[in-house]
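Which chain is which? They are A, B, C and D, in the order written, and residues in each are numbered from 1.
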Amino acid sequence: MSILLDSDARVLIVGITGKFGTFSVKDLAQSHTRVVAGVAPGRGGQAIEGIPVFSSVAAAMQETHANAALIYVPAMVALDAVLETIEAGCPLIAYPGDGLPVLDAMEMRAAALEHGAHLVGPNSPGLISPGKAKLGFMPSFCYAPGPIGVISRSGSLSYEACFRLSQAGFGQTSVIGIGGDPVRGVNAAEAIALFHDDPETRAIIYLGEIGGSEEYALADYAKRPDAKPSAALLVGRTAPAGKKMGHAAAMIGSYADSWAAKVEALDRAGVVIARDLDGLSAAAASALARAMKPAA
Amino acid sequence: MSILLDSDARVLIVGITGKFGTFSVKDLAQSHTRVVAGVAPGRGGQAIEGIPVFSSVAAAMQETHANAALIYVPAMVALDAVLETIEAGCPLIAYPGDGLPVLDAMEMRAAALEHGAHLVGPNSPGLISPGKAKLGFMPSFCYAPGPIGVISRSGSLSYEACFRLSQAGFGQTSVIGIGGDPVRGVNAAEAIALFHDDPETRAIIYLGEIGGSEEYALADYAKRPDAKPSAALLVGRTAPAGKKMGHAAAMIGSYADSWAAKVEALDRAGVVIARDLDGLSAAAASALARAMKPAA
Amino acid sequence: MLVTEAQGKALLRAAAVTTPSSHELRSLDEVRDCRVDFPVAVKAQVAAGGRGKAGGIQKANSPAELESAFAAIMGMRFGGEAPASVLVESWLDIERELYLAVAIDSRVGGFSVLYSPRGGINIEDGPPPLSYPVGLARNFRAHAFRALLEPVESDAKVRERVISTARRLLEIAQANECTTVEINPLVVSRGGALIAADAKVVLDEAAAFRRAATAATIATARDKAEREIRLCEEANLMLVWLDGEIGLISGGAGMTMAAMDAIDGAGAQPACFLDVSGNPTPAGFGLAFDLLDRAPNVKGILVSMFGGGLHTDRVARTLVELLARRASSKPVTLRLNGTRSDLATTILGEAGHRNHATLEMAVADIVKKVAGARS
Amino acid sequence: MLVTEAQGKALLRAAAVTTPSSHELRSLDEVRDCRVDFPVAVKAQVAAGGRGKAGGIQKANSPAELESAFAAIMGMRFGGEAPASVLVESWLDIERELYLAVAIDSRVGGFSVLYSPRGGINIEDGPPPLSYPVGLARNFRAHAFRALLEPVESDAKVRERVISTARRLLEIAQANECTTVEINPLVVSRGGALIAADAKVVLDEAAAFRRAATAATIATARDKAEREIRLCEEANLMLVWLDGEIGLISGGAGMTMAAMDAIDGAGAQPACFLDVSGNPTPAGFGLAFDLLDRAPNVKGILVSMFGGGLHTDRVARTLVELLARRASSKPVTLRLNGTRSDLATTILGEAGHRNHATLEMAVADIVKKVAGARS
């Protein structure tokens, strides 16, 4: 098993005629992911890399029975594209783009919740279920199948962290990038719930950072008596207050935003803390070891 | 029968401590309408003219099982009050106030539709089912029970028109003021549908005016083979183009807004036209006479 | 409340809708100091429609032509209004003129988007624009609008730009509480970009309590309005001057229009729409009589009130007092009906005034009196 | 992007939120010409927090005091920023200070409204404010907020005014695309009215493509920013200067922070957050090296890139060329891992550079080199 994305994925690429869209057709094929359709308004009837192009998501869904969408359009039309995809009935959507106005992210999130769809992003590499399918642009070589569910706020950190985990023998059920923006589709709490319900996921690893409050969702979860074991690596321990560290949401505005406050809360809730990237595999091993033990 | 409002009405007055609210308690009592509760934030526990006051609509509904609300609050907090009332589960609401921003009217209308509630107003005297109950501030002496359903965009016109109808022996099942603003709760098409479904309503009289397009809803209805007979009086035949005639929506901006265009459409659809107020009773008689005949 | 093109375009620019580069000029000195690349369009700034057909838009190819166009336009009147300024804009290289608007649509219960692939000043002579019923601005869906546009607009690039611009216009209407934001023409430039060559923006006056810009526009319009209109607004009366000879004082918008129509039905014409229901007091009626007594075209006055909440006996007392000290000899006809009208009839009768039983009788009476006074 | 109090208050006034009467002054001449009723508050206009505690708000009781306060404040720096102006405001007659804000809350997935009945500069020392999770601005419900306020705010009149103001702040945030609109203090005047005595407004920079005001604010801030930051923004690099000695060039926000933390873990400190993933080209790396080579506090440079989509062999070639013509003698450590890193190691090795296998090895190497250079 895995979360949201499985080997039966039939992927639709909105914005397939753009640079990213066309790259993704080839990249996904190499990751054994079935791309069944592309969408580009006014370009219906064409084909890109052998994939049929439709003028609307509804037409593409009807013809190809796509069940997952990857959206590569500029931020200024992203809300339109995501709403079209949600309302066409697509249950899983990744919008990786960054620079999206937060009001548009709010509308996307609300529309997804209203329709029972799962939206991954914005500002995220997407979602991968190693060995099964990929809905995003993360480098596939970093991942391997296994029992760990990974949630990450940062693309670059998740690549290297998963590469190290895979090298150390800790494969992943799924790796979901919840993104670096303050408002997102699937958030930490929802991603945790998905991994909690996935029988093959035996432990959860959270890759977080300073700023925002998503990390507290993991602390809340870890306190539950039925929680799966979890480990966390938070970056930005040495970041100064009041400065945005690349991601829109990575800024320390109050004590609760800080590395120390978050690590304290996670530690108190029983989450295994990796102080550095270097300590991540040990933390993963420790969490998995707990998963082996029967509940006390 | 009647539409929306019947003798089982249990009326709640939001803004009961204001001048209009307090006047309405006495006025409704004189019209044999049961007022069961008032709402004024921060004034819960008091009483006005013997009516208990609550701090929230939800509390008032729970305690008194009110099933209709009359809202007398200033335009700047009207949206808040109407949303609270709709979301507390009240199925029928009249908001008579004028000067409401049209964006707020749009939100009210959307919320009412979403919750399956009926909102009468803004900028309307409300709704009366003569001899049964009144939810508004129209002068009760103008009305009498009978077989005619009346829809009006103008308060003043509806008082005098109904007074004349009542004097001439043409009583009313219900009289609904859909209001003089461009966006409203129950609109012409919806009011027509309600009267269509009311078995006691034998004919519909529409009191309209220049500007907007509500009158075309009656023309559409009258073309239906199963339509009840209808008559219409439109005012503003002598109004100039480009000038707002009192009501926000009463302005001729295009040919379709004009008296001539609307009368032509209604006449062609088979609606009996009263050219003047003076001709209204004859038009009512003519419509009722058609109702007597079995369908061809 | 319609605002000027210049104000409307400022709202468009704030939301990053492209407009031609422009200067708003108020005096010949400003015209002489203004540096522009010719040719330019010189456009009267008035809050009234039909400006183009009335000569309010001229082309100038040189500073001399600009000066004379400025002087000519500033001397014109549009719907009675003098321009406060002219807008001087770079002359556009036009590939095609489109029509795009968002406006409140009462049957939709919210906004509709209107589009025509052939805009310009003769838009009303062509087929009606495509209408996309949106409702709440947030219900706009690019894909739904696109599906409607496809049969109407064959150029896919223009289509996508129209969709983006329509969304932007809805955002403008929402954020600034406008009931209409109309661009006609929306110009397709030779390069394919869309440029708003004109802007017709109507602000929702009811939102003035939370929109400082709307409140300021209303205040400016009130300052510019003729004295009578301003006095009525301040006194909470609603006045629209008309062309007839019967001065009409009535109550409620609908009944005032009904009375206007009844006057027309009796072969005369109303001189005004004057609704005193907002202030049926000695002050309100006093102002109404004062205005109508002074108006040269008003030959007689009809007071017609139907009392609902209003107590007509109070109105009768007010009228008796007012008529007693009135100087004008214009004939007056009274009709008070409804709440306490028996008492009103008595009060009027005791003072020697007749209360007519119906609107129609009162109208016949004043029309006869005015015709008699003339012959 | 934080704007100044004066800009924030302009947004409040446009939505009819009451602010004190004020003048924004930029020069001593303006101060001398300004007519105000004393006493007044004299307030530094900077887009940075903590101004009050740093002496940026002073009271002046006379023209002489106003002049000296102006001069004093204009000479101060707040978070490194010089005030561009001061705001002179009538001194408020304060009954009570409240705290009211709307801000994006990531766990809510939208806006929250924050309220405290005791606002002022020490708000952070008290209990956390009441939080009403709204989500989309249109989901604000007066009755829901009222129910939360009742146990916290006992004055029913204040409560109702706070509710109205909160709705207004949400409308401002929505219409202008703000991520924060905070009023602290929101003053209850002796007359009971609410007055926004301060305003902290953060604009969403991502909305600049459709908000001319946001685009203009960003452009102004960029003009005012130090040269290095501006160069990086123009080149699509992300730079934040820090206090340490290890110049860090990395890829991706998360990995750059991870590398900063690793440097700290090895007993040294990073000199910067410098993410070149937006432009991993000769131009991007060239600018990065140029800035770090010139910075006096940078004693050595660590380049750490993990290649995902990025081909590290290309980066290796770029670095070889760059290092060959570099003048600085500051030590450099390289670590390229991920896509095509075997090839990268070969390319670097052929040019005499070592490619470290892991981030930790590379960090240890540069820390040792810098320590060696120092001793």
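Following the convention adopted for this analysis, a contact is a pair of C-beta atoms (placed from the backbone, for glycine too) under 8 Å apart; a residue touches a chain by one contact, two chains touch by 3 or more.
This structure is a prediction, so every number in the text was calculated from the model and none was measured.
**Q** If you check the contacts of chain C and chain D, which chains show up for both?
**A** A, B
**Q** Once you count every C-beta pair in contact for both, which comes out on top, B-D or A-D?
**A** A-D
**Q** Averaged over CA atoms, how far is the centre of chain B from the centre of chain D? Could you give it in whole Å?
**A** Going by mean C-alpha positions, chain B sits 54 Å from chain D.
**Q** Whole-Å distance, chain B centre to chain C centre, using C-alpha means?
**A** 26
**Q** For chain D, which residues are shared contacts with two or more other chains?
**A** Residues 138, 174, 209-210 of chain D each touch two or more of the other chains.
**Q** Among the residues of chain A, which are close enough to touch at least two other chains?
**A** Touching at least two other chains: 76, 107.
**Q** Linking chains that touch, what shape results: line, ring, star, complete or other?
**A** other
**Q** Tell me, which pairs of chains are in touch?
**A** A-C, A-D, B-C, B-D, C-D
**Q** Enumerate the contact residues on chain A facing chain C in the complex.
**A** The contact residues of chain A facing chain C are 41-43, 56-58, 76-77, 80-81, 83-84, 87, 107.
**Q** Touching residues of chain A toward chain D in the complex: what are they?
**A** Listed in rising order, the residues of chain A that touch chain D are 75-76, 99-103, 106-107, 109-110, 125, 137-139, 141-142, 152-160, 163, 180, 182-184, 187, 189, 207, 209-210, 212-214, 216-217, 233, 235-240, 242-250, 254, 275-278.
**Q** For chain D, which residues are in contact with chain C within the complex?
**A** Listed in rising order, the residues of chain D that touch chain C are 13-16, 138, 168, 171, 174-176, 209-213, 215.
**Q** Along chain C, where are the residues that touch chain A in the complex?
**A** Residue list for chain C touching chain A: 138, 141-143, 146-147, 156-157, 159-160, 163-164, 167.
**Q** For a test of understanding, state which residues of chain C touch chain B in their complex under the given definition.
**A** Interface residues on the chain C side: 49, 79, 104-107, 109-110, 124, 135-136, 174, 177, 179, 204, 206-207, 209-210, 238, 240, 242, 251-258, 260-265, 269-270, 273, 275, 277, 306-309, 337-339, 359-360.
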